[in-house]
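Each chain carries a letter (A, B, C and D) given by its place in the written order, and its residues are counted from 1.
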Amino acid sequence: MVGHTGRHFLQIPGPSNVPDRVLRAMDMPTIDHRGPEFAEMALGIMESCKRVFRTKNPVLIFPSSGTGAWEAAMVNTLSPGDKVLMAETGQFSVLWRNLAERFQVDVETIPSDWRRGAKASDIEARLNADKQHSIKAVMIVHNETSTGVTSRVDEVRKAMDRARHPALLFVDTISSMGSIRYEHDAWGVDVTVCGSQKGLMMPPGLSFNAVSDKAIAASKTNTLPRSYWDWNEVLKANQAGSWPYTPATNLLYGLRESIAMLEEEGLENVYARHQKHGEATRAAVRAWGLETVCADAGEYSPVTTAVFVPEGHDADRFRKVVLENFDMSLGAGLGRLQGRAFRIGHLGHFNDLMLMGTLSGVEMGLDLAGIPHKQGGVLAAMDVLKSKDEGVVAVPRVAVA
Amino acid sequence: MVGHTGRHFLQIPGPSNVPDRVLRAMDMPTIDHRGPEFAEMALGIMESCKRVFRTKNPVLIFPSSGTGAWEAAMVNTLSPGDKVLMAETGQFSVLWRNLAERFQVDVETIPSDWRRGAKASDIEARLNADKQHSIKAVMIVHNETSTGVTSRVDEVRKAMDRARHPALLFVDTISSMGSIRYEHDAWGVDVTVCGSQKGLMMPPGLSFNAVSDKAIAASKTNTLPRSYWDWNEVLKANQAGSWPYTPATNLLYGLRESIAMLEEEGLENVYARHQKHGEATRAAVRAWGLETVCADAGEYSPVTTAVFVPEGHDADRFRKVVLENFDMSLGAGLGRLQGRAFRIGHLGHFNDLMLMGTLSGVEMGLDLAGIPHKQGGVLAAMDVLKSKDEGVVAVPRVAVA
Amino acid sequence: MVGHTGRHFLQIPGPSNVPDRVLRAMDMPTIDHRGPEFAEMALGIMESCKRVFRTKNPVLIFPSSGTGAWEAAMVNTLSPGDKVLMAETGQFSVLWRNLAERFQVDVETIPSDWRRGAKASDIEARLNADKQHSIKAVMIVHNETSTGVTSRVDEVRKAMDRARHPALLFVDTISSMGSIRYEHDAWGVDVTVCGSQKGLMMPPGLSFNAVSDKAIAASKTNTLPRSYWDWNEVLKANQAGSWPYTPATNLLYGLRESIAMLEEEGLENVYARHQKHGEATRAAVRAWGLETVCADAGEYSPVTTAVFVPEGHDADRFRKVVLENFDMSLGAGLGRLQGRAFRIGHLGHFNDLMLMGTLSGVEMGLDLAGIPHKQGGVLAAMDVLKSKDEGVVAVPRVAVA
Amino acid sequence: MVGHTGRHFLQIPGPSNVPDRVLRAMDMPTIDHRGPEFAEMALGIMESCKRVFRTKNPVLIFPSSGTGAWEAAMVNTLSPGDKVLMAETGQFSVLWRNLAERFQVDVETIPSDWRRGAKASDIEARLNADKQHSIKAVMIVHNETSTGVTSRVDEVRKAMDRARHPALLFVDTISSMGSIRYEHDAWGVDVTVCGSQKGLMMPPGLSFNAVSDKAIAASKTNTLPRSYWDWNEVLKANQAGSWPYTPATNLLYGLRESIAMLEEEGLENVYARHQKHGEATRAAVRAWGLETVCADAGEYSPVTTAVFVPEGHDADRFRKVVLENFDMSLGAGLGRLQGRAFRIGHLGHFNDLMLMGTLSGVEMGLDLAGIPHKQGGVLAAMDVLKSKDEGVVAVPRVAVA
């Protein structure tokens, strides 16, 4: 290993690479969170979050890790003993279920092989069977960071509508918001859970709940105790550009800048960029002769690609070889995928050449770690990336000698 | 107002002025929170926190506002219906009580006029009366940020010992840690609650629980539900330099640097510096002919001085005049002190000349706002500050003509 | 001394305190100085410099200390043996003369007691006597940083006009530009020499030459050799937003931001602010019973005040006491003023409360260093500062008991 | 082009990518350049420069572009009419010659085809022929940034010794210092000229002269006029950790940090890293079927590779395609190479994956710009990079299907 010369490649599926502009924005003196300058900033940020989450309703911001926003969704809407339906899609859906159970919420899980997304038809069947409407919420993870599978939230919504079931719809967008198309209002989501450190290009430390009127109504009558996460306290304070406690001012500086960057690029361009990088990454994986964890071509994640290593090989040892030789962090296989798969994050503040550095590191690492594979993944990825600009006529390349 | 030229004077009692070194430390790329570099940093920070909190036991760090650490203290040790005894000393003790009540904790409050600290004899009397030991915890605020009163925690401990009462002792040190002498172990505190944005010289966004063995034991059997704040999950993960969720990596960078700065200066020097600045501030207040909220000379806060404005005058209008004319933020009177008092923060990354700028701004503001006062507060403050260096012989000043 | 806690007070007459916004702007990746992004930035900066220097002509920017711009003025316009007339006003005029003599320029100096500015009538007399027009240039320092005296450049121009003398007019504005009213075009200056680290609120490292058509014409025929400083090479490259060598890109980032800040505040407001701070400082000096070096009330510098210490006292020892006790840097007496005077810088990114911290440090330092003085300088300064806002009615203060 | 998302690839042969640590070090308040803290820093930096330049003699630091240090070498040692011998190796040797001629130095040039380094035997022949020792200096560029050719300075020294010629040896190390092995003392160099923005990993704005005793002796008697560049003034001030004018304090902060980073990595490791990256780059160039400008395998530059585009193609259009499609800046062909070659910088704060991103961008750009080439350069580069770590056993890769 050459040591820490040059930039570290942080290619876990989040925290993602934070832009200099965002870090520099955070690197400013903290101001009075009760003063007029703060209030003006806060109100502006709240509005900008609505545009990114695609909602006209409030987006609450908590000084916490994304896990806090999972908890906030739960304790503001449910009561002990309430039943919820969760589509298990990977490690993060399991963790969210465990969290719910700590609050005596009765979670019914739709199991899966962790290689595909939430199945709308399964959800529809369960809801149809629930004639008493005892299911209070349906919980799905938009982008399963542990598997690289993106669930079709809009289809789940349609299934719920078809079942005419009043359950709330909770969606975890921690690794999708700001990277993958998402529509809080249009898709009828009741609580969108998010964190700052992935598509929003921020360091970790802020979390989010976008809430529907129906979710707010539920929060008026549910009985789970809460204080820090209490929506109504936050919503009340937010009206004046304030919080019920000291907000994480410097992280908010960063968020203002990161959303400005997303909007300068344009959300549609952001989504398209991530799609292209997902395609290029999978082209490399295919060329290496390896298999993605995601088994459904319609559910490939644009932000992270989980890749199986062949039987008998250790994905964690591979990651260690890559870290030590090429100063790149890749994501580990989590839960039942531990040691069997590694994950390539290609999200946030990212571009073609950063992706090529990343994939080159993977290809060299496979070799150094003795993982059987074919060569040329990087060439396949370049073929995808090169094709992007229709305006430039590419000439056929001379064949390799 | 001249506008934002020069540095804003952030003289609220927290967030305090963040040192450039701390902001710059935070302004670095986020790293993999599951990698070896992170673990090494995290373990080092955990040890350094022990030194600052003066404990051999763990100090848990949460990605949250200080309010979260209040909640964590509660939900990890108490059960619904438990009784606690709280010394009301000002607005923050009231807020903490309200929080407890949201979790169905039965709070018995020892009221006060908000001008003095927790009275050890009162606590002792209540505990002596509680023969069944139904009181599970005693809760006090070390430094009441709303009043500028510092309670004598060691005396409360002694009172509890004399009463031979098994209640836990919870202490809020949000505005005292890193500024006012504090001894988690030596004073027998069970849960110390803290936030990053005051004496620790950090932006807001991190909170802390230092915990005794007795507190940890309580957490094994209490029944309040929790997940994000759960000590045992954090303690387990912390052993390997990790957290059960994504930690606020960049804030941790800052904390590492801010504790390094505290230790470079030396905690004893830090405490002495704050004492001196408190004295100088009160000398100015006396010279102006104004009255501090704190009524007990043994309980003056070294970090914040709350000052009454004369009857018939509006402290908030005064603060507005100061902000608009001198670009300085002062703290508002809170709760029952609203409009009646203002607060001068003199804590954290601070020195003599910053204090003189601050007091000059107050003196000029009193004048511009038409608050009746005598002149010369700044001269009185200088007399205190000048006396600090015994090694330099000061000559008598020529009398004012 | 309390050590480096809180902010250092950098109250030398430059480098001045650099705003966070400027430091943060510089703290960005260096870009290709031959690429389109750089060119766009460079052309914008060149235009903005014209607005600050108040000229329609080019302002050349050199990667160098301000001393380099002194040299550039000389080597681009003069030839060995040329005669120039220099008004000696203090140490910096002496240094500039010495520089000229190294290039075999024949400098005739109009001497002074270093307590007043360039005398227009003296210059007029010399020029009138120079019937052969052998004097090629008149050189004056707009603001003598070593004495706190501001020369009346417009009157010198008028004197030259009255004498109908064709000499070029060179003006050093290193410590005045961006702080004291200055008009390159309107005052008929031929070469304005400037540096980045004072009123322009930048770190040192950039210097400037604003040039008249007449100066450029002189540069076509003069014979002093030069390469780095050659105007014509720079002017040619500048047309395309480039330089003949690698420019100091990150310093240019800072300059862009600092000029933006000057223009946000408004140059007229900037000038007025410095005037007020100069007045307040002199009010303090008078109250202390001390004497300013500047002996002419019409020439007081708005950016720096040089103060004599009484006979038998050592100004440098005083400065050491201030540095060690209050972490404030004051300017030394230079040249013939060494040990006899100290200098207070009150320029650049500065405001009322920073000034009050500064003057408090001086007042306390006088005391600690045993310099005989009266007390109450800070009160006198506050009286000046308070009076600024006509919109707020100030009440008479109660007399000191 | 996707716009400025992700990091720009600055792959010109300098300015190179500045490490975050260096930018952050510069991003601190400017201090008093006459105070004790500054002096301590300055003396430390001067010592550290000696270690990097490999000399026991002084290394002078100028606030200027590297071009200034070229001029300083000249004006401190030569007199008008002096004769010097220069090995023309590319554009920068030409520019240096032009500079010399502006000072009436008589430059004899040893011409070349710009594809190889200074030829020691040619220099020896000229010196042998110069019986009167009229040649006062031999000037060579260690690493010709315009061609990617590294001259063998030690062989030139030996040739001079063999000729027993007293000429001074001037070496431009602007793009080699801190990247390519260099020995000021051991190689008997008299003036080493350097700039901050390449191997020293700094933004532009500082330049350097390392000087031998013989060079200093020459500076006592030569007659070219100078002031800003005058060694003796700087050397005198440097003894006390000062400069004869305001130094570029914040750039010095950065330099302190960048040299610390070089020494943490170890100069030998730094040299080896650049060697490997040069090899990998040339492996790619060969695989593409393109030709490097450097024609001598013993003179390949480890820091920059200049590549010819085939006849009839425009290297500048290629660079534009790369910039617009992949947000990467490559170096232009300079002088006689304009349009015929492009340059890949692989120096400074750089690592394997940054190189792979770079080479991928070149390979895709060749395709998009229609430059005839073979594919697979990136694979060839990876073969070089992979081989570095002997401790890991690499398995043979499965052949491409």
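Quick notes
Everything that follows uses one rule, which is that contacts are C-beta pairs under 8 Å (C-beta built on N, C-alpha and C of every residue); 3 or more make two chains touch, one makes a residue touch a chain.
As the structure is a computational prediction, the values presented were derived from the model and not from experiment.
Contact with both chain B and chain C is made by A, D. Each chain gets a centre from the mean of its Cα atoms; the one farthest from the centre of chain C is A.
Distance between chain A and chain C, defined via averaged C-alpha coordinates, is recorded as 54 Å. In this assembly, the C-alpha centroid of chain C lies 36 Å from the C-alpha centroid of chain D. The distance from the centre of chain A to the centre of chain D, with each centre set as the mean of the Cα atoms, comes to 44 Å.
In chain A, the residues that reach two or more other chains under the touch definition are 7, 17, 24, 27-29. Chain D contributes residues 7-8, 10, 12, 14-15, 17-18, 23-24, 26-35, 62-68, 71, 80, 99, 102-104, 195, 197, 203-205, 224-228, 230, 243-251, 323, 329, 332 to its touches with chain C in the complex. Listing the residues of chain D that touch chain A in their complex gives 1-3, 5-7, 9, 17, 27, 261, 264-265, 269-270, 273, 289, 321, 325-328, 349-354, 356-358, 360-361, 363-364, 367-370, 372-376, 378-379, 382, 385-386, 388-389, 392-395, 397-401. If you check the complex, the residues on chain C that touch chain A are 20, 24, 27-29.
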